[in-house]
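Labels for the chains are A, B, C, D and E, by order of writing; each one numbers its residues from 1.
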Amino acid sequence: MVIGKVIGTLWATRKDEKLNGMKLLVVRHLNLDYSYKDSYAVAVDSVGAGIGEVVLITTGSSARQSQLTQGKPVDAVISAIIDKIDLPSEADI
Amino acid sequence: MVIGKVIGTLWATRKDEKLNGMKLLVVRHLNLDYSYKDSYAVAVDSVGAGIGEVVLITTGSSARQSQLTQGKPVDAVISAIIDKIDLPSEADI
Amino acid sequence: MVIGKVIGTLWATRKDEKLNGMKLLVVRHLNLDYSYKDSYAVAVDSVGAGIGEVVLITTGSSARQSQLTQGKPVDAVISAIIDKIDLPSEADI
Amino acid sequence: MVIGKVIGTLWATRKDEKLNGMKLLVVRHLNLDYSYKDSYAVAVDSVGAGIGEVVLITTGSSARQSQLTQGKPVDAVISAIIDKIDLPSEADI
Amino acid sequence: MVIGKVIGTLWATRKDEKLNGMKLLVVRHLNLDYSYKDSYAVAVDSVGAGIGEVVLITTGSSARQSQLTQGKPVDAVISAIIDKIDLPSEADI
């Protein structure tokens, strides 16, 4: 999984009917110091994530393992809202 | 999922028979400001997308979850036509 | 899917028995103007492609959806031979 | 699979319920000389790995083949703790 | 599939029990002229490959289609030992 920040919402009227009712969020990938990477993903929200929140993104077929996305044409899902990333200093490792 | 713009059509007479009747579209990947990325994909159209439209692309095994692509050798499908990408300014996040 | 050009053949005597009888082709990835990318793939041929032909490559689990590759340790298959890529000029989009 | 070093832990209260009880570790990818790559992954621990340990990471749908992760929205799992990487000198190859 | 050269062995005592008895080989990816790429993979050996041999690597869920790796947390398998890569000169294409 990778870490991202929700920065927007995507609207689509004409779509695969299996996507009906799904919230499509735009997520910028983050480095471990929370700075933005250049890349982004569009992910389905399965945990009630909001704009500005730091989230965990699950991709590929594993993105279809949530109750919401099962059997759907979805390759990225927000599977958690991150409270804290605990990175001990290198010296302590 | 990622965002792309339909820029062309691909024609193939000799192909896996499971691809018969499928519209193969050439899609350039887009940045969030709608500028082109260098990369592209060939995706099956499942929503009636046309040249010039901005679309959502689902990849991998999830591309086989639409009614049209089930069980087919397809690893990218256009799953939605995008109306709007709503990106609040960073200050509002 | 991505576009490539068949540039060679790969020979292997000792291999997973499920690969027996399969033609393994070396395919260079192509840009949309048919120039070579740096990358390549080894793909199983399911459509009778020959050296020099421009082909469509399906990857991942979707590469196992052809009759030939089902249940085989194959992650890339040539699923079509491309006749034409139709790219209207940007002005027409 | 790829090699990484466990450098941290990720905490998330609001998450897909299927992730309950799973330890989410932050793993920096390693080169073969154990130097850090720029990239990282968040992986579920299935073998009791601790901070500072060098581990093997299995990704994609294969990450759901451990007893712990079956049917879960998990795309990366720590599948082994590495004791030693044996790289004979090029001259001996 | 991609081409690599076996350059080492990986040892792990504590691991997912489904990996028991599997030989984990370190494989450097190769260009088509047999020069090394920067990247590597750790792959399970299913064909008796040895150090220094040039091999075919199957990745993703397709890596679980060999008899040895079925249902195992394995995302890369050595599926063939390559005898020869036949690349006709561009002029002949």
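As a convention for this text, contacts are C-beta pairs under 8 Å (C-beta built on N, C-alpha and C of every residue); 3 or more make two chains touch, one makes a residue touch a chain.
Worth saying up front: this structure is predicted, and the values here are computed from it rather than measured.
Annotation of subunit A and subunit E: jointly contacted by D, touch as defined at the top.
The centroid of the Cα atoms in subunit B and the matching centroid in subunit D are 31 Å apart.
Put simply, the C-alpha centre of subunit D and that of subunit E have 19 angstrom between them.
With touch defined as above, residues shared between interfaces to two or more other chains in subunit A number as follows: 60-61, 63. Each chain touches its two ring neighbours, and walking from subunit D in the direction of subunit E yields D, E, C, B, A. Interface of subunit D with subunit E (complex): residues 1-3, 32, 46-48, 56, 58-63, 65-66, 77, 79-88, 92-93. Those residues of subunit D lying in contact with subunit A across their complex are 7-16, 18-19, 24, 26, 40-43, 51-52, 60-61, 63-64, 71-76.
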